[in-house]
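Note that chain A is present in both complexes that follow, paired respectively with chain B and with chain C.
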Partner chain A sequence: MSTEKDRLSSVQVMTLAAMTIIGTGLINLPRQVVEAVELGGVLLTLVAGGTVTTLSVVITLLGRRFPNKTIIEYSSDIVGPILAKGIHLLLAVYFLVGTALVLRLFSDAMKAFLLDNTPIEVIMITMLILTIYLAQNGINAVARICEAFFPIVLISSSILLILGLKNFDIKEFYSLWQVDLVDVVQNISAVTKAYLGFEVLLFAVAFMAKPKKAVICGVAGVGLTTIIYTATVAICIGVFSYDALKFQMYPTMELAKSIDFPGAFAERFDVFFAIFWIVAVFTTICVLHYLAGFTTVRLIGLKNYRPFIYLVAPIIYFLALAPQNIYQVKLCGQIFSNLGGLAVVLIPILLFIIAIIRKKGERGSEEAK
Partner chain B sequence: MKRRNKVVFWGICISIILLTGCWDRVEIEERGFVMGIGIDTGEKEGEMLITYQIALPAAMFGEGEADKKVWNVSTTSPTIIRAKKNIKTRVDKVLNVEHTRVIIISKELAEQGIAAHMDYFLRDVDMRRRTDIIISEGPIKEIFAITPPTARSTSDYLADILLLNEQHVHRISSDVDLLELAKNLRRGSDFILVKAKAGEKDIELTGAAVFRKDTYVGHLSPDEVKATKWLIDDISRGTIILQDVDGLPGHMVFEISEGRSKVTPRIQGERVDFDVQIRIEGDVAEMQHLNFENILTQYFIENLERAIEQLIKRQCHEILKKAQEKFEADFMDFGGLVRQYNARWFKAHEQQWREIFKESELNVSVDANIRRIGLVQ
Partner chain C sequence: MVRIIKKKRYNKDKEGKEQQEEYIAPTFSVDFDENFEKFKGYLEKSGDDVVFREFAFATADIKCGVIFIDGMVSKQWIQVNVISPLLLGGGQLNIDADEKEKRYKTALTIKRKIISAAEVSEAEDLDEAMRMLISGETILLVDGYDKAIVIGTREFPLRGVQEPITDPVIRGPRDGFTEALRFNTALLRRKIKDPNLVFDMMTLGRRSKTDIIISYIKGITNPKLVEDAKKRIEKIDIDAILDSGQLEQLIEDNNISPFPQMQNTERPDKAASALLEGRIVIFVDGTPFVIIAPASLYQFFQSAEDYYERWIIGTLLRGLRWVGSFIATFAPALYVAIVSYHPGMLPTPLALSLAASREGVPFPAFIEALLMETTIELLREAGARLPKPIGQTIGIVGGIIIGDAAVRAGIASPFMVIVVAVTAIASFIIPSYSLAIAFRIIRFPIMILAGTLGLYGVMLAFIIINIHLTLLKSFDANYMSPISPVQVSDWKDAFVRAPIQWMKKRPVYINPVDIDRYEQDAVKEM
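The block that comes next holds the complex of A and B.
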C-alpha cells in the first residue's frame, strides 16, 4: 500500500466525501424532493441527510476495524472469498454505471444551459480525458483536488443561496406543522439517491493517516453536504413555491437565473454558478471513475489500477451514451439508486453486523483475546 | 535540456492562446438584441401577430436618429418559436433574448388566455426571469411605434418606469416578472398585471388587468390598483388625497413614506375571513388651504389620521366586493395565502375555493401615523 507520506489527511477525507456527494444532485435535488413529498421537502432532505450520516458512521466504523484495508479486502475476511467476489462484482458494476450516469446528467445539463451547439459526445470525452488524467494519479491526487475545490464550491453555493433570499417567501413554510411524518419516512429512499457518493468512505478510510479520526471526518463531510442540500431545497421552495418547483428540470440553475444581482452588473448569475457547479461535478466523476477502475481491477485479481482507469473510460462513455432520451436517463437514475441501495447501503450494514457477530477485524480480535 | 523546457513552455503558452475557443461563440456584432417581444392576435383564427423589438447597438450608443435606435419586426405565426424562426429569415443578426426587458401581450389575446403562450418563455434557456409582463390596451404595434425622447427603446422605457417608479407611485400596479407569473400560472391562481396604453407620444400605465386563471376578465383603474396594493402587502410611497377634513376647504394630501400590511386568514369550518392589519407612516405633503394655523395640534393630527384610516378601510372593502362580485376573481391571491397558512385545509377545499372566496369578509384595522408636515406649518 502507499507510504506514510501519501496518506490522506483528515480534512482531505472530509472534503472527499462532501465533494463526491455534491454533484448533479445539487441542481435537480429540489425537484426530486418536492416530487416525493409536497410539504415536508425540507424535512425530508434533512432526514435523508441524517440517515446517510448515520450510514457513514457505520461505514467508517467498519473501515476502522480493518486498518489499511478497503471493502475489497475486508469483505473476503468477513464473508469468505466466494461471496466477496459477488460483492466486488456488484461494486464494480455500481461504480461503472454511477460514473456513466453522472457523466450523462452533467452533459445533458451542460447542453441545456451553456453549450447548446456542442455535441454531447464532445462534452463527455472532454470530461473523461480530464478525469482520466486526474484519476490515474490515484486517490491522493483526487483528494487534494477535492480539498482545493471544496471552499470554492461552498462559497459559490452560499452566495447563490444568500442572493436567493431576496425573493424568498417565508410564508411557504407556515404549513410545515402539517407535515405527514409517515409520508416523509416512506420517501427517504427517494431522496437518499442524491446523497450517493458517501460510499467513497468505504475506500478512503484505508488510506487515512489517522484512521481513528475516520468517523468524525465522515460525519463532518456528509453533515456539511446535508446542510448545503437542505438550505438549497429550502430556498428553492421559498422562491418558487411547491407548484412551480415541480415543473423545473434544474431548479437550482433556475434559482441562479432568477437572481438579479445588486446593481445589475452581472446579469447572468447562472453562468457564474454553472462554472462552480462544473467543478463540483468534475470531482464527483473523478472519484467515481477512480473507484470504477479500482474495483474492476480488484475484481479481476490484478494489483495495478492505472491501466484500468484508461480501460474503463470507453465503457463509461458508451454506458453514458446508452440512454436515448431524457426519460431513459431518469429511468437509469432509478435503477442506479436501487443498485446503490443494495451495493453501498445494505451490504456495508450487513458486513458490519456480520463482522461484529463473527468478531472479525481489529477490535473483534482484541475482544477475542 | 533547458532549451527544451523553454520550447515546451512557449509551446504551451501559444497553444493556450491559439487553440482555446468556444464552439458556440457568436460575435457581439453578429447579435441582434431583442429588447421586447409583443404578442397580439392575428387576423386569422389561431394565429398571432408577434413583434420583436430589436436594438441597433450602433445607433443606440451613437448619435443615430431617434427613430433609428430600434427596429420592430412583425410576423404572424401560430406559435412563438415559429415567429422567431420567421423573423430570422428577415434579420441579418443572431437573435439574442438574454436582454429582453418586457413581454407585452395585447388585451385581445389575453382574453383568450395567456398560459399557452408563456411556455416558450419558461422553457427557453436564454430568457431572463426578470422580464416584465405588461398587458397592452390597444394593438401592440401602437405601443412599439412609440420611442420617447428619454429612452433608447419602448421596451427600456416601459421596464424603467416599472423599475424606477413603481415603488414611488401607489397607483402603478406592482410589476410582475416571468418568475412571478410562472408561479401564478402553475398554481392556477388569479392575478393582476400592469396595463399600458399608447398615447400620442408616450405610453401611460393605466392601471391593471385582472386575470381569472390565465384569462383577462377586466380592468382596474389606478385607484383600484391602489386599493389592491393595500391587500397584497405592497405599499409604495404613494399619496392619499383627503377631502373635507375637519371642515377644511380643498384637498389635503398625505404621502406615505413607509407601510406594511399583513393579511391573516381566519379559517372557520367552511368559511374563511381575513384579518388585515395595515400600518402606514407618512407626511403631510400638500394642503390646498394656505395659512392654516392649527395643523400642529394633537386634535388635528389625530383627526387627519382617523380620516386616512377610514378611507383605507373603505377602499379595502370596496375592492374586495368588486373582486367577489364583478370579476369573481381572487386577484389578491388570498387563496395562495390560505394555502400557505393551512395547506391541508386548502387542499381539501381547492375546488370550492371560488365559492368560499365570494363569502369571505375582511376585518381591516388601519394604523396611520403622521410623522412630519414638511417645511411649512
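The block that comes next holds the complex of A and C.
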C-alpha cells in the first residue's frame, strides 16, 4: 500500500495520539472535573487517564492483530460485513460530530479571548480551510505536523503551569483524605470525554512502520497527556479552589491571566497561551477531520479519501453552527461523549473480546496452529 | 482534461525526437578544399572572429588549414606548436605508398609526431567539429584525411580566483569559485583528494551547450540521489542555461513555493563539506554558483564560519539566526495585530506610550505597516541595483532621512519605524540570500492576515507555513527534517553546532551509504 518511507514512525504515532487528545480539554477540563466531583478532582483525572491508557492498550493490541488494517477493515473480519457497516456508520457520525463540536468549542473560546468583534463563522471557515489543506495530504502529513507542533504545546503549557505555581495554595489539598472513592469511580465517564481523541490509534496502527511498538507508543502518548492534564487540574484547583473553579468557563485561561510575568514585558499571559493553544486545537480538529473523511469514504465503499475531505467540510461547518448558545453546545458535548463511549470505548472492547474468542487476526491464527 | 493535453504534448515530443534521429550530420571528404569550404560556408556569416589559415605542410607539400575562433584560443600557442612545425617541415616522412595512402599516413604522422599539444582528438563529422570549434578548440584539416583533427587550445578571458562576495567569512578559506568549470572542479579536488570524488559531465541547452557537472563521492552519496538528479536534468529541454539558478528552477520539486529547495554557494569549502555529508554538488559552466542538493531548512541557517570558530559561538549565532528569521517574518505582523486588536496584552506604561506615539498617525496600523514596509523594500531594491558608492547614499537618505521625516510628518509612529528597521536588519542576518527573499515575500501575506484576524491570523499564518514546509521535499528528503520527522541525531548540527568530536555521523535524512564520518569505509572500498 505504501512504502516504508511513507509509514508512520513510533514518535509520530505517539505525538499523533497526544496531540489529538490535547485540544479543548486543556482549557476547560478543570471545570468539568470540579463539576463532576466535590473533592478528589486530581485523583479523578488521574484515574480517568489510567482508564484511557488501558483502553489504548486494548486498541493497539487489537490493531496489531490485523497488520495493515484499520478498524474499517478488521471489523468486518471479526463480526461480518453487515454488523461492520453499522460500526462504520457509527464511527463516521462520531467523527463528523466530534470535528464539529471541537470546532465550535474552539471558535467560542477564540471569540472570547482574541477576537471580540469577529463573527464566529469567519473563525470556523479559516480553521476549516487550514485543516482541509493539511488533511487532504493524508495521515502521514498530519502526523508530521503533530510531531513538529508537539514541543510547542508541551513547552508552552509547561511554562504556564510552572509560572502558575506562584499562586498555588497547598491548603486546597488538605482534604485529600476525605475523597469519596465511590464518587470518583462513578464519575470516570464524565472526565473520560476530555481524553477522547485516543481513538486515532484505531487507524494509526495500520500505518505504522513498526507495529510491534504500537502499544508502547499508544501508552506513551496517552500517558503524557494524562500527566499534562493532571498537572493542569491540580494547579488550577490549587490556585482557584474548588468553589471558584465551578464558575469559570475556561479555568486554564484564567490561570494564565493571573500570572505576573517576571520582567513584565507582557501584561496578559493568557493571550500568549491562547495563541499556542490554537496549535493544539488545530491538530485535534485536523486529525478528526481527516478521520471523518476517511470513515465516510469507506462507509460509501470508495477508496480515495481526498475529495471527501472537501465534501465533509460543509457538513462539519453546518453541524458546528447548529447549537444556538453555550448551553446547547454543552448539551451536544454530552451527546457526543455518550456517542464516543459507544463508538470508541465499547465497540473496540467488544471487538477485541470477539476477536480473541473467534481466534481472528494474526495472533489468533498463530494460536490455532 | 489535463491528462489529454499532457498526452498530446508527449506525442509531439516523441515526433520531434524521431525527426531529430533521422537527421544525419554532414561528414568530411578526403578533399581538403571541400572540407575547408564547408566550414567557411557555415561560419563566414557569423562574424570575423573566426580565423581561417591555409598553408602547406612543408615536408610533404600537403595542403593544411587551421580554423579557430579569435579570443577563445591562445594564438601564440597555436603558432608555436602547430603552425610553425608544419610550415618549417618538422618530422621525417619515409612512406612508400601510393598518393592517397601516403597523404592519409602523413596526416596520422602529423597528429602523432609533429603537433606538440597535450590534448589532440578527432572529429568524425562536421557537427562534432563545429561544437569543439565553438567551445574554443582549434580544428586542423589535412588534405587526404577524412576527419578533422581537434587540438585543445582553449584559453579565454577569465576572472581569477577571488574572495566570494556572498558568504564572506572572517576566519576561513578565502577562495571562491569562478566562471570556468574546470577551475571550479580543480578547486574542489584540492579540498578533497579522494579518487572516489566523481565528476559526471553532461551537456544541456540546445543552443548554449552548457557543460554541467554532477559531483558526488562514491561510497558516501546514495546512488539513488545521483540517479534522480541525472534523470531530472536529462528531462530538461531548453535552448540555453546561463546560470545555476535557472537549472535549480528547472529541477526543483515545487516551483510554486517561495522557499529555496536547493542551496547555492560560491565557496569551495562549503561545497566540499556538502559532498562529505553525502549530498551532490552541481556545477554549471559560466557561473561561480554551484548548487547543493538536497537541502533542508536548517542548512540555510548555517554559515561556513560556524565550523571554523569554536562551537560555543557557532551555537549562539545559530540561535540568533533562528530568532532573526522569526523577527524578519513576523515582527510587522505582530505589531499590527497587537496595536489594532490586542493592545491590552502590553504592560500599561508601554501601551500608553504606544498609544501616545500613534496619536497623530492618521492611518490604521495595518496601512501604516504596509506603507513603511513597502518603502523599505523600495529602498533595498534601489540600493541593490545601483553602483556601490551611490547605493550607500540611498541607504543613508532612505533609512535615516525618510524615517525621521515620516515620524515628524506624523505619517508613521516611531515604534513602526523601529519595527521596520529591526525587521530589515533581522532579514540580513540570514546567511542565505535565497531564504531571506522567501521571508521577505511571506511577510506581506502575514501582515494582511494580522490586519484582518489579529493574533489568530498570525497563528494561522504560522500553521500554514509549517504545513507547507512539512509537505515540501527536496530530492525526496524532507525539508523540515530533523524537526519532522524527528531525527535526534541530526539535531547536533541543526539548531546548535555541537563540538566537532560529537558529530560522528553524517545527516541521516539524506540517506548516505556510509553514515559514519570517522570510519574509513569509503577508502577501503577503493
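By our rule, the second predicted complex is superposed on the first by the 369 of 369 C-alpha atoms of A that agree within 3 Å, B and C clash if a C-alpha of one lies under 4 Å from a C-alpha of the other, contacts with A are read in each partner's own complex, and residues count from 1 in each chain.
Heads up, the rule we're going with is that a residue touches a chain if its C-beta (ideal position, glycine included) is under 8 Å from a C-beta of that chain, and two chains touch if they have at least 3 such contacts.
The structure presented is a predicted model; accordingly, all values stated were derived computationally and were not measured.
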Touched partner set for A:118, first chain B, second chain C, both or neither: both
Partner chain in contact with A:240 - chain B first, chain C second, else both or neither: first
First, second, both or neither for A:258, with chain B first and chain C second: first
First (chain B), second (chain C), both or neither touched by A:171: first
First (chain B), second (chain C), both or neither touched by A:144: second
Touched partner set for A:68, first chain B, second chain C, both or neither: neither
First (chain B), second (chain C), both or neither touched by A:76: neither
Touching partner for A:268 - first (chain B), second (chain C), both, neither: both
Contact residues common to both interfaces of chain A (with chain B and with chain C): 114-115, 118, 122, 267-268
Partner chain A, residues of chain C touching it in the complex: 341-342, 344-348, 350-351, 453-460, 462-464, 466-467, 470-471, 478, 480, 483-486
Footprint of chain A on chain B - complex, ascending: 23-24, 98-99, 125, 128-130, 179, 182-183, 186-187, 337, 339-344
Parts of chain A lying in touch with chain B, wherever the complex brings them together: 38-39, 112-118, 122, 167, 169, 171-172, 174-175, 178, 239-241, 243-244, 246-247, 254, 257-258, 260, 267-268
In the complex with chain C, residue positions of chain A that touch it: 9, 11-12, 110, 114-115, 118, 122-123, 126-127, 130, 133-134, 137, 141, 144-145, 147-149, 264-268, 271-272, 274-275, 278-279, 282
